[in-house]
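Please find the structures below.
Note that chain A is present in both complexes that follow, paired respectively with chain B and with chain C.
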Partner chain A sequence: MLSAFLSAFRTPDLRKKLLFTVAIIAVYRLGATLPSPGVSFSNVQKCIDIMESGATSGVFSLLNLFSGGALLSLSVFALGIMPYITASIILQLLTVVIPRLEQLRKEGQSGQAKITQYTRYLTLGLAVLQSSAFVALARSGQLFSNQCDQFPIVPENTGLPMWITLVALVITMTAGTGVVMWLGELITDRGVGNGMSVLIFTSIAARLPSEGWAIKESRGWAWFIAVLALVLLVITLVVFIEQAQRRIPVQYAKRMIGRKMYGGTSTYIPLKVNQAGVIPVIFASSLLYLPQLILQFFDQNDPGPVQSWVQNNIVDPASWIHIVIYFLLIIFFTYFYVSITFNPTEVAENMKKYGGFVPGIRPGKPTADYLDFILSRITLPGSLYLGVISILPNFFFIWLDNNQFQNFPFGGTAVLIMVGVGLETVKQIESQLMQRNYEGFLR
Partner chain B sequence: MHIGFAYTLIVLLIITSAILTMLILLHRGKGGGMSSMFGGGVTSSLAGSSVAEKNLDRYTVLVGIVWFACIVGLGFWLKLAVDGGS
Partner chain C sequence: MAERKRRGEDPADDNLNDETFEDTVDAEDDDVADEPVSRGGTATLSKAKAEAADSPAKEKKPGRGPFARIGRFFREVVAELRKVIWPTRNELLTYTAVVIVFVAVMMTVVALLDFGFAKGVLAIFG
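Take a look at the complex of A and B:
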């Protein structure tokens, strides 16, 4: 393990990529702690302290987790990658509905680039919306559930007209979202791993130490160690299932091209149990967060019947309806993404083209049907596993009945994202390493 | 501190924000987002970055640094303006 790490650093181009990624992450974290212009850093810190000592956690706990604590402190990168994720979800769902997008997706590289470009425009549009919403919330004090009215987050006695400060805030946060998007793309392009997921990973990892310490402070060492053990157990389970795959044997026929012999090999198609990765979890949680966001636009002090129903049943993570909806959403998105990423007809078609076949099954449509059957059967445990791991922290609320666990970072969603992204990145480093020598991290 | 200082910084900040956003949108979206998270994976590595892209990178970084400096400057100004008895 250590020697593999050393050799990763000894390889010049890989070392360059690793250092580049680390540098970008450093810039990202710096921006995530830098307060936006017009926001009083000391007042925000006081407010966060009040929130953390108070019983009621903010509504934005999950979002705050995704942005690594940047959101509540209204930093430059407060919105983080959330708008980009939302924009991607919207465009991916729209490809099913709008024929033009569907056509673009099938076009391959150039069409895909165009969709990415649309996603980027949409991201900035969403960023303007969300940043103005958050600025408005911060102004009215609702960002901290009205508990922090004595310390204005955006102080008024600066001598500048208020509207100029607010406009500057919105514009800065929008530009910040653009920068985050660009940083992510730079990591994908020149660093290791997928930029967006690496940035989510850093945000979550950045909050781990403080959250862990909070548990130790409030419950003592025994709880701390118990939680750590539990987390290790969950991580082991997650790694185990992430690595699990079914190998479908494929036999290639021998072919003579000119004087050379091709094919005649037998390989396999690896079908992972969790083919969809962590995307379903990210998507389901960001979708489930939408009602929370909408609720924020209504009057908090005088909730109507619909509003309080939504608050008590959908937003509250300890309610059964919330858990069931989350679970079902994850299962839906798992199937949805597996169907997008893996096209059995295409795979069967390609295999036929190169003279490959699955032993015992005719090439062409029967192979496609077979692959489809296997895939949908293997995705079932995969989706159930994703769902169960993600709703684990919700059971914590019910058993422990404690708001402290509201944004429990060791819970399912965070652990899944961290382990998933970590594995993916390590695998990518390893495949780069394989070009030079054969010793890798994972055996 | 002088109020003109803050106005200059804010105007500069708004201008650089606009330019920065434009420059970022000019970049070719290199996968980056969900599309490659879906397992496309290898698609982006085929095309190396062109000269135009490299220049764009340089300008973006330059504007980004000015943008960053503006934010930091405004932050200090705010601290002085609020704590210094306004």
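Take a look at the complex of A and C:
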């Protein structure tokens, strides 16, 4: 296996891609560390220390996890990839609703480019909203739950008028989001893996060591090892399900092209039990953060009945309503994403074109129906599995006391994303490696 | 030569035709679409499609009620799950090991980067 890692670096084009991806990740982490203008770096550090030693860790635990700890330190990339994800969900959902967008999607390359363009604009819009919300929170001290009011994060006595500082902050963070979006697309185009997932993966990877250490510090070695064993179990389970396939046999007819004989082979279409990968989880969790974001625009100190209901039932990850909504969202997005990425009609048409057929099923529409039938049945266990694994940590919230494990990043969403993205990326490297030598990691 | 070239491109043309056939035909695509050979292909294709639509693929009995239908759906889910190829023990172990190694490597890389950047930022701003 280790030799495969070495040979991955010995292959010139693969080495270039890997190094490129690592370089982008380095830029991303640099931006996540770099403080925005107008933010007092030393005060932020003190506040984070207070937060980490305190019992209540902030409201934005998952958001902070997804931005790799950049959010609380109000760095240049504080918003991370979240606005981009939210924007792409919104656009993909709208594609189903708005006929014009659907038309664009069917148009092929140019239409897709148009949709991407809209996604980018929407991302910047969301970034402006989100960054102003966070800047306002930071100003009022609520970003750190008012535990850190003696150290103002955005100091007043800078000699500049306050509004200039605030506007500069919002502009910086919005621009940072734009850069993160670009970095993600660069990884997709010229690196390995899907840019969006790789960046989230990086953020989570940045948080995990310190979160793990926090568990050890607060609960001791026995708990630490128990959690580690649990994570190992979850990883194995995730790998097990991700690898499970329903293979639909396909027989190709023999045919002569010129003087050569082609086809006559039998292969299969691999339908994974979880055809959608980790995207549904990312989508569901970022969609579930919208209500929390909207809440930030209202007065925090005097919550109305609606506001406090939303706060207690939808935002709070330990409430049953939150868990049920999360679970249902994941199931919905699994079906949704599968329907976007796998088109049975197209696959059936392609098979027919090259003389392939599923034994016992007529080519064309019956085959498409058959594929659709299997896909809709096989996706149900897939989506249930995604949902169950993702809500595991919420059960921990309920089972354990609430405060200690507010930031609990193990067992669910985070591990699922880590393993899913890891598996996807390794497989992509593997298939690139296969073009050169026959031995890969997975042998 | 020209004939062979045309033949080589046939699948792609067919594809284009299919799409224009399913949407309303665009004026823009007309010059590509008016190749006689593949147009014939589309015609038979659509005929086959119409034929196929008459004979339902699955032996779908009309459900007696919502509960019966849900029950049947779950039975079908279980039936499909039985046909799933699960990874073997060996495969599972290799993949798990590879993923763990990958995650560990990435975590180390990111941790090193973070450590370096934190020191640098602290030196400049702290």
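The rule is short, and it goes like this: the second predicted complex is superposed on the first by the 441 of 443 C-alpha atoms of A that agree within 3 Å, B and C clash if a C-alpha of one lies under 4 Å from a C-alpha of the other, contacts with A are read in each partner's own complex, and residues count from 1 in each chain.
Convention: a contact is a pair of C-beta atoms (placed from the backbone, for glycine too) under 8 Å apart; a residue touches a chain by one contact, two chains touch by 3 or more.
Just so you know, these numbers come straight off a predicted model, no measurement behind them.
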| item | value |
| --- | --- |
| Side-by-side fit of chain B and chain C on chain A, or clash | fit |
| Partner chain in contact with A:206 - chain B first, chain C second, else both or neither | second |
| Partner chain(s) touched by A:38 [first = chain B, second = chain C, both, neither] | first |
| Partner chain in contact with A:425 - chain B first, chain C second, else both or neither | second |
| After the two structures are overlaid on chain A, angle v-u-w for chain B, chain A, chain C in degrees (C-alpha centres, nearest 10) | 110 |
| Chain B versus chain C as contact partner of A:29, first or second or both or neither | second |
| First, second, both or neither for A:124, with chain B first and chain C second | first |
| First (chain B), second (chain C), both or neither touched by A:48 | neither |
| Chain B versus chain C as contact partner of A:189, first or second or both or neither | first |
| Contacts of A:113 with chain B and chain C, given as first, second, both or neither | first |
| Minimum Cα separation, chain C to chain B, after superposition on A (Å) | 5 |
| Common interface residues of chain A - those touching chain B in one complex and chain C in the other | 34-35, 41-42 |
| Interface residues, chain B side, partner chain A - complex | 3, 6-7, 9-10, 13-14, 16-18, 20-21, 24-25, 27-40, 43-44, 46, 49, 60, 64, 67-68, 70-72, 74-75, 78-79, 81-82, 86 |
| In the complex, chain C residues that touch chain A | 11, 14-15, 18-19, 23, 45, 48-49, 52-53, 55-58, 73, 76-77, 79-81, 83-87, 91-92, 94-103, 106-107, 109-111, 113-114, 117-118, 120-122, 125-126 |
| Contacting residues of chain A [partner chain C, same complex] | 1, 22, 25-26, 29-30, 33-35, 41-42, 45, 106, 201-202, 205-206, 208-209, 232, 235-236, 239-240, 243-247, 273, 349, 353-354, 361-367, 369-370, 373-374, 377-378, 380-381, 418-419, 422-423, 425-426, 441-443 |
| Parts of chain A lying in touch with chain B, wherever the complex brings them together | 31, 34-42, 76, 84-85, 88-89, 92, 109, 112-113, 115-117, 119-121, 124, 155, 157-160, 164, 167-168, 171-172, 174-175, 178-179, 181-182, 184-185, 188-189, 194-197, 275, 277, 279, 337, 340-342 |
